[in-house]
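Take a look at the structures below.
Here come two complexes built around chain A, the first alongside chain B, the second alongside chain C.
Take a look at the complex of A and B:
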């Protein structure tokens, strides 16, 4: 009995400490905001005088299965204290509105893209940059991607906010994927691996065809590097040729159990049911954009 | 000296070599005093420093923060001389729509503000065209804007 109590007491102490720490970490940054649970409780309460009136929007057809990989930025941020159902919905509506004006084609990390940006100081008032997409990050209206190129032996990277009103045109010149999710190792590779000519002509991708995977294995330059790439499980890189002690250390700091950590997966991703709900809405939003475009075309003709 | 210190302080300095006693994490890539820079104009002095393998060092940043940004003036030590220069590209994380360079680029200028070289060989950030003052003199040498 005493043992049981001790274990219980110990556990409650642990959870109390954990709660204190996590609440402190959240409340420093979000001290002036209400927690999502509180807001949600008010919205669904029967006593609230301004009770939310839910509109059941009709979804004519479910989303195609791969849509969440094509447009990952429509999924909400999985960090729990950044969630807000209404905010996410409003952001998605703004995203459809922006996409109706400036279409953003399908692209992945590794695709070669060109972005035309409004630039008040440039001749012609626009600035076009071509490069290979090395990163795709963030959620909702803040979603962004980074293009990298080498111009006159000078490595250059530009991060673009996808829904920025300054962007005038986004072109995908080569639609392809790479073996890794982020290509930051190109910074440590010779220039030829990230050089893209500015006058590269677009190759159209037949709709419905699978996206090709570019299996180029990059040969990195000599150390020092920006990061310890031997610790990153990179697939698109040739053998790094390091002494054995580097790999031993990498093995020591690796966390191979994380892929079996169900709670970690739960905390860092949106659950399948919610993903489906969001993606059905996104598919409907895209159909609405298409309908609007057709109507405008008809009116013009 | 190091050997002497090690014999006196055996507990503080373990058997590791001295170079492994401090952390070498990735820095903020700030341009501060003693940062190595890269000359990107075609001036004689810049070419000499490239050939000799002795890149210039920042020895002063002419602003209040002490951290050099695009368009700031710096004092550099290059080939045994003191020269003034303008920063035209930084390695640091940039804001959206602004370029981030793989090297910290500078363009040398004389004390009267006139550029030493006649051409800049790499792209220059486009938003530099909004700047005012002596920086505008070096923008005339730029061949490309990014």
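Take a look at the complex of A and C:
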């Protein structure tokens, strides 16, 4: 393009590299790409002169049934224009490689965790933060979780990228679940509900045992709040004690039919068949990490 | 996983619902209400005719309903979904006892759609037929012509045979 402009007599300030970069930065939604189905069809077509040989599946055993709840970040983003099967697979491989170096234990929203992060400005070059996990979000390599704690009467929340190379160690001090998927309402609750001492001793969880559910019902402080919690169908909160008009309005804006909108659910989630495929691969990836670790141990000894 | 192509976004179908007083209500809840009626009548009659966009939308819901119902009538989710989507309760029995066993071994989808011809002068909306496969009605396209003996088809058939036998031997085609 820069050459073309030059031939037309325009002085170009754009380098070739810049143009390349700017093109590569275009989202896959707008890029001039082929759909996965089309590419797959041509790859496996008998008429293609370089027909792709089908790779045999190396999966030795299917994944345990609950694995998608333990590691939800391995499931791809269900938004259709964000999907790219090759990118997803490459990201998963990077995730196994990261987990082989820095193990991330099983945890859920509501678990109490400690994260040690590399920090050049901290004494000892690392920073350890303890808190209750209030959210797990995003997909693939961008997966993250948020820890909350109250230090010196100041609420603190830190969002960690799970696969960030800065993370040195992730510990789970109390492995437990809460009644809700997100605990943002702790922001509007008294400090005692989100205060965790930094010297909390870890309680080990016996492998294979069911994860306990913490049924604490939080008593929220008075309004104003960060959100209209009466509209959120929260289970881990005591009676909010609001006037009747708040609940009437909440009922008015609720969308109870969405529970039965089968196609909405289908479009906004990864279907069971594909979930199983991904999770089988993930189980195999974890087994591979375990094998590698054992091999290294043997070599050392 | 659905076995036919679906649109990435749902059709809104908002205008044809009518107000809550004399219709099914506007917006998403009204749309879903309308869909339940179409699915209900499809499960009862096994072949229905209507506006293409409504039939196409209802097709996905029917397929999903059948797939979820395949988990069996002991499954809580399956029963809950069937209870919402089938307003006539005798159809719940038909769904679990007749339709689920019928499509158990299908490798294709359970529904079929046909676009009906436009009658002169025609409007902008197409009319379609939506049917469940394996229904008791006579076929939509009656007595399809047998073209297998026409010259071109005979030649093509033999060419295919040659191609297959050649590729089995491993000789390049």
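In the analysis below, the second predicted complex is superposed on the first by the 246 of 301 C-alpha atoms of A that agree within 3 Å, B and C clash if a C-alpha of one lies under 4 Å from a C-alpha of the other, contacts with A are read in each partner's own complex, and residues count from 1 in each chain.
Criterion: contacts are C-beta pairs under 8 Å (C-beta built on N, C-alpha and C of every residue); 3 or more make two chains touch, one makes a residue touch a chain.
Only a predicted model underlies this, so the values are computations on that prediction, with no experimental measurement involved.
Superposition model on chain A: chain B and chain C are shown accommodated side by side without a clash.
With both structures placed on the common chain, the touch criterion links A:161 to chain B but leaves chain C unconnected. In the superposed model, A:271 makes contact with chain C only, not with chain B. When chain B and chain C are set side by side, the one touching more residues of chain A is B.
Contact with chain B, but none with chain C, is seen for A:226 once the two complexes are overlaid on the shared chain. Once the two complexes are overlaid on the shared chain, A:181 sits clear of chain B and of chain C alike. In the superposition on chain A, A:117 makes contact with chain B only, not with chain C. When the two complexes are overlaid on their common chain A, residue A:257 makes contact with chain C while staying clear of chain B. In the superposition on chain A, A:288 makes contact with neither chain B nor chain C.
The minimum CA-CA separation between chain B and chain C in the overlaid arrangement is 24 Å, rounded to the whole angstrom. Residues 46, 80-81, 255, 257-258, 260-264, 266-267, 271-274 of chain A touch chain C in their complex.
If you check the complex, the residues on chain A that touch chain B are 117, 119-122, 127, 129, 144, 151-161, 164, 166, 187, 226-227.
Interface of chain C with chain A (complex): residues 1-2, 6, 8-10, 28-29, 32, 57, 60-61, 64-65, 68, 81, 84-85, 167. Within the complex formed with chain A, the chain B residues making contact are 26, 40, 89, 94, 96-103, 105, 121-123, 126-127, 129-130, 143-146.
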